[in-house]
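Naming follows writing order (A, B, C, D, E and F), and every chain is counted from residue 1.
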Amino acid sequence: MSNTFLSPIVIEPLVRAALCEDLGRAGDITTNALVPDGSDAETALVARQDGVIAGIDAALLAFRLMDGSIDATVLQPDGNGVSAGETIARICGPAKAILSAERVALNFLCHLSGIATATASLVYAVRGYRARICCTRKTTPGLRGLEKYAVRVGGGLNHRFGLDDAVLIKDNHVAIAGGIRPAVERVRAVIGHLVKVEVEVDTLDQLKEVLKLNVDAVLLDNMSVDDLRRAVVMVDRRIVTEASGGVTRESAPLIAASGVDLISVGWLTHSAVALDIGLDHLGRV
Amino acid sequence: MSNTFLSPIVIEPLVRAALCEDLGRAGDITTNALVPDGSDAETALVARQDGVIAGIDAALLAFRLMDGSIDATVLQPDGNGVSAGETIARICGPAKAILSAERVALNFLCHLSGIATATASLVYAVRGYRARICCTRKTTPGLRGLEKYAVRVGGGLNHRFGLDDAVLIKDNHVAIAGGIRPAVERVRAVIGHLVKVEVEVDTLDQLKEVLKLNVDAVLLDNMSVDDLRRAVVMVDRRIVTEASGGVTRESAPLIAASGVDLISVGWLTHSAVALDIGLDHLGRV
Amino acid sequence: MSNTFLSPIVIEPLVRAALCEDLGRAGDITTNALVPDGSDAETALVARQDGVIAGIDAALLAFRLMDGSIDATVLQPDGNGVSAGETIARICGPAKAILSAERVALNFLCHLSGIATATASLVYAVRGYRARICCTRKTTPGLRGLEKYAVRVGGGLNHRFGLDDAVLIKDNHVAIAGGIRPAVERVRAVIGHLVKVEVEVDTLDQLKEVLKLNVDAVLLDNMSVDDLRRAVVMVDRRIVTEASGGVTRESAPLIAASGVDLISVGWLTHSAVALDIGLDHLGRV
Amino acid sequence: MSNTFLSPIVIEPLVRAALCEDLGRAGDITTNALVPDGSDAETALVARQDGVIAGIDAALLAFRLMDGSIDATVLQPDGNGVSAGETIARICGPAKAILSAERVALNFLCHLSGIATATASLVYAVRGYRARICCTRKTTPGLRGLEKYAVRVGGGLNHRFGLDDAVLIKDNHVAIAGGIRPAVERVRAVIGHLVKVEVEVDTLDQLKEVLKLNVDAVLLDNMSVDDLRRAVVMVDRRIVTEASGGVTRESAPLIAASGVDLISVGWLTHSAVALDIGLDHLGRV
Amino acid sequence: MSNTFLSPIVIEPLVRAALCEDLGRAGDITTNALVPDGSDAETALVARQDGVIAGIDAALLAFRLMDGSIDATVLQPDGNGVSAGETIARICGPAKAILSAERVALNFLCHLSGIATATASLVYAVRGYRARICCTRKTTPGLRGLEKYAVRVGGGLNHRFGLDDAVLIKDNHVAIAGGIRPAVERVRAVIGHLVKVEVEVDTLDQLKEVLKLNVDAVLLDNMSVDDLRRAVVMVDRRIVTEASGGVTRESAPLIAASGVDLISVGWLTHSAVALDIGLDHLGRV
Amino acid sequence: MSNTFLSPIVIEPLVRAALCEDLGRAGDITTNALVPDGSDAETALVARQDGVIAGIDAALLAFRLMDGSIDATVLQPDGNGVSAGETIARICGPAKAILSAERVALNFLCHLSGIATATASLVYAVRGYRARICCTRKTTPGLRGLEKYAVRVGGGLNHRFGLDDAVLIKDNHVAIAGGIRPAVERVRAVIGHLVKVEVEVDTLDQLKEVLKLNVDAVLLDNMSVDDLRRAVVMVDRRIVTEASGGVTRESAPLIAASGVDLISVGWLTHSAVALDIGLDHLGRV
């Protein structure tokens, strides 16, 4: 049981679009010219690097949408750590379809596993601390649901999925509203009872103001570790504290040591390095 | 005049989808609660890092699809190098729409500028050599056209856009066809006169066989620099030579020194670090 | 300034689809046969009943998507109460396009105004009490965003927009998880910091258990007014209390008198009576 | 054998869209956190009110699109009358998918069954008379095909499905064409041989004029029952007579007694009360 | 005033799809490499053959969707006959966009003008007779609305637009229903009052049976001209008579001489020869 | 093994759209009223003319998307020549679904088989010559991939699939670039190594200029057979020669006799006559 489930109905349109993007108007002209219709292949998705797997369902869907008779056995499901050389899944069936779907399947799998791997490495970096690792809305256009899923697979938590599922009051909102207090009050008057409110602050003075208001969380943006520590003391666990800005594998444990509840990291989704995974052809049946 | 033009009709659906992905079912609940309808804002897209800009049209389209009355002045068009702190474009108009479109606009711009910047840095690394830098089909699902555009903006060339616009015979194809010669001949018999044929080889022996056939280009996969140099001598410019595998900013000039025509690099599109760009709010009108 | 803003980019696809649904494959064959191309018309959207207007933007978009030169003046914007006979907006322009878009424009406007009117009447019924009126996920397929917008326009609050923007633990979840406590704890371990947790209870005993846990809101389902009153006392404003089940214009003030924070009502979105609005043709220009 | 068949290919996109609307970007976060993957459930769609069932195919499709292994047994197919407490269908399979699809399935089923029930009650109200009950184009945007299907299921007939499948000349068309005669003649000159022509009239004088022309049906709009009776005598079954305006369960038999062929009712599709149906969880397998 | 109007909202998705189909993932690589951004062109759509124009709106939309600043002046609107060499419309604006949209614009215009021209030539062939020329459902997938529009532009009438807008009882239906009479009666019992019923017959005996029933039209399929003449006498204008099968420009007047009301022709939409139209470049501004 | 494979994932959206286009909002009202749900039918796709089959997969998909239980046996797969009267495939299953899908299945099959048949007849006309028959971008909007597939099935080769998969420099490009040489050089500087360059010429002088440049193919447009012969001599097989303009079954062998490599023909895709194929009902099971 986990919280990382991804409904197939939601990813199917993305995988279909990616296959059509790669097939173009003429299809896989190399494979179509060279691979006979009846030819079967046994292949394996194999990790070329150590990492954490995410997106195997999207990869398998790419194969199955190309040909419903392709058979897959998953050895390392999403969330599993793999070492270089380990087989993630066996893919068997019509050689033509496997070859034609290979790149799209890998593009999903490598991208999402890259995000899960980066997340897991940050989660490991802050082990022993209270802090959880968290993503942002800095995602690749069109892939937000998938990328935030990969963050969960890597052991992270998800921040807002969009502009509509929580209130986050930033400096510009505060400026327009004429202060933190009027901003929070105006928002509270209109939002539903299941919507949380977070406020972004740059200084401890702003934090002091936030703590007088009905606010669920505070985003401590680009603060020094010292200030973070002071902020945590001031908040005293009454609301959630989130640190952001300048997070690296090196700085993460220092930030976590301040006692914040969350560390949010944009590059997990916008700049994680893809995990190197390949499709090995084991032979023809 | 350039070859980097991108038809708006092609990117509009992607930008619309990204905006709807971020707005969700309830829209920007923070901004809607806090920003009055008549309020205008003057903002600027500002580089926070040095880099090469790509994707400004997608970014502007995000603002304009949100509100057609938003006005933009581009100071640094696609292809321009910028320094940290430089203004890329001024965006003025309804504050509500600008705030709601901000993240989507930046997600396109930072992602594509990251690719252009990485490409430009490799192009610079091989300056003085014959070799051109080239992308692959290892792209983010759904964004292939945009990402390959960013590679061109960065000074690179595009490899195949999909499985359908050129023949690339890989080891598995060769195995199924029973050799390089039968593979090439079978392909030649059926493809149109405007389709080029490239063959992937791992060894100089395979290259020798390729050179006897009607082939337009050869992909020298994961060869040592020494072997690449020998390959270039063997080919003697009769067909295009492309090197791939293990390309970094450090290895690129060594590979280029072998005399190959092209160096193709998967990570330009699958793992480039996003360029840090922000939206500064200059004030309210 | 309000929280009822609806991004045009989100409603445009719905309005386009509705126009195409009505035009079919042959278009408005009556109008096309009878109305000359140059003919202009002056028309008015007129209320035939008292009510609250919602959806005027969708209605205007129907006219403008049919012909971009149609001109509209809104006299009674969304949220305004109107009396039978009052003009809501004037629509002037090509007669052909106005006649062809009329039914689709009205179908949106009457449906959404019906929801806003029903909401406003319940809001009025509980005036003076703490309770706010709230909708549910019992919406018309495809129109959730619009219908929840209409609830806001009528003075109500929105409950969850979907399965993904808050946790609502119902009896079946509790049964599968093996109790309320394990359910809440399991959920808390995986959700993001901006996601709220509500639990549905049928009895005061269940409520007692809920109050020991880290829960943001409790849904008091189908309880008697007496039990609701007791529940409110037990909760003592520590978490949000929501009553649901059997809410009518008559029962609403009785339920509100119990002191609950929210009264949620399914029929606001699935069974509200459409507000009668027509398009009067004032003349031809 | 019946005329109420609905092609699955036509409803599938609507059900997919409704599921995605409810799942949002993160999916069913409650169920995903609490329900194990292997857990099965036995559930039943149960009527909470008396009524006529319509839309069971759409409801089952919601479950099956969520998980193809869900099994359904329909006990009360579309068109059957049910009493409160009766089981409509049994739904068995993965608990996760059943819980996640439940609301969407019910939203279709309750909405369409509400329309069928309302139609059936009007059909019953005019039993013994010649008059058939008929719907209009006042439907919910996007759901016209489904709603008109529900009217058929309830025993009603369908009026036009759109602007393109028959000619209906209204007062504005007559005004622009310069009279009923020129309007009818102009239309007859251009329409295909399978398109029928109906004219809307408010007075018996207009009816007299219509009867001299090549018209298939006349819409007697908002006439008194006395005038309807006179109209039926004047028409003498030469063309179809349709009455509209102010139709309620009480007025319907009075209108039907006038001898008209059809009574068309807008509120069947725009304001019918949803039939209360729930999903009972019978246990876990 | 005419019946040939086509709503832009209906054709826009088709034109967008056609442009994207032609632009592919990389766009117009020739034009983008060679035509500077600021360069304007004056061009003209010129007929290379005599014919009747149809589809000019689709052609202009192709240009305008590519670049909204393209200006067009239509000299020969839809329905006009043109001679080889005549200018149909002038298209001025950015050279890049005009060159990139040229082929798509012509593909619509030549295809639809071909259908209009073929229709007009059949209409001319039967001039002086009662018979009108009519199309069928044998259309190009995806283009039915446009092709039937072109038939109207050429002076023809439209038969059914789909399976849903009229009843056409064919031999297989009759066989399954157990005879013409039960088929007609079963249909009449369930269809709306605005739906017409046509029956296909092969023999005069079948026609005799049809004439005893409540049928609106009869399709005389593949009958000899002699039998058609006898059929017309038998029918005596009580219902509409439609002849089909083996219609050519030569046979059409012979068939028309039988006195039938309609002659339906499949090849108008499935096999009409495209009208030769080109885009002449008049110069650069 | 062949190059004519067409991915089902690419054609499915086209077939779905065509079915929905034909079913409209009410579905097949004739069949739904007359054919009982349990009734099965045995039918056969039968050629009414001699020709070459193409598109059987699209036709079968139309049946199967309507009802997944329809069973098909293909006797004459794509590429086979058939004589009038020959059975192409047997289609068995629910009578309702077969009747409702019949027209759409045939519309795809007749259209594509018409193109394959026309191509095959031209291929036959030039047998014994070097010349291959080739299509153009003059295709039906939305069907380019399918139509070019049908050309391959008929034995032809494909020219460009779109503006993006090869460079074709035409007269207007040359004019804007200031000559053939600058045009070719400018293009060569920016295109990828797998993109070929073809130049269109009208005269032998232009050809002479082309032969000095790095060009892969030359399009000899509307040249006399004498000039074509001279051109072939001048080129001497160094680059590909393509003749276009005025190609008919009669002129094709004369053109081929000039020795050109390719003859491209627009009317194969825009004006081929549909092959007459019908669905025979063999009986009811």
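Methods note: contacts are C-beta pairs under 8 Å (C-beta built on N, C-alpha and C of every residue); 3 or more make two chains touch, one makes a residue touch a chain.
Only a predicted model underlies this, so the values are computations on that prediction, with no experimental measurement involved.
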{"item": "Shared interface numbering between chain F and chain B [over half = same, under half = different]", "value": "same"}
{"item": "Selected pair, out of A-F, B-D or B-F, that shares over half of its residue contact pairs with D-E", "value": "B-F"}
{"item": "Result of counting contacting C-beta pairs for C-F and E-F, higher pair", "value": "E-F"}
{"item": "Greatest separation from chain A - chain, by CA centre", "value": "E"}
{"item": "Chain B and chain C: spacing of chain centres that average the CA atoms, whole Å", "value": "44"}
{"item": "Distance from the mean Cα position of chain C to that of chain A, given in whole angstrom", "value": "32"}
{"item": "Multi-chain contact residues (two or more partners), chain F", "value": "1-3, 21, 23-29, 33-36, 100, 144, 158, 161-162, 164-165, 186, 190-191, 195"}
{"item": "Footprint of chain E on chain D - complex, ascending", "value": "1-3, 132, 134, 152, 157-161, 164-166, 186, 190-196, 198, 216-217, 240, 242, 261-262"}
{"item": "Residues of chain A touching chain B in the complex", "value": "14-15, 17-18, 21-31, 33-36, 39, 41, 95, 99-100, 103-104, 106-108, 110-111, 114, 137-144, 161-165, 167-173, 175-177, 183, 186-187, 190-191, 195, 267, 270-274, 281, 284"}
{"item": "Touch list for chain D against partner chain F, complex", "value": "1-7, 9-10, 144-145, 148, 158, 161-162, 165"}
{"item": "Complex contact set, residues of chain A against chain F", "value": "16, 19-20, 23-29, 32-37, 65-66, 96, 100"}
{"item": "Chain B residues touching chain D - in the complex, by the definition given at the top", "value": "21, 24-25"}
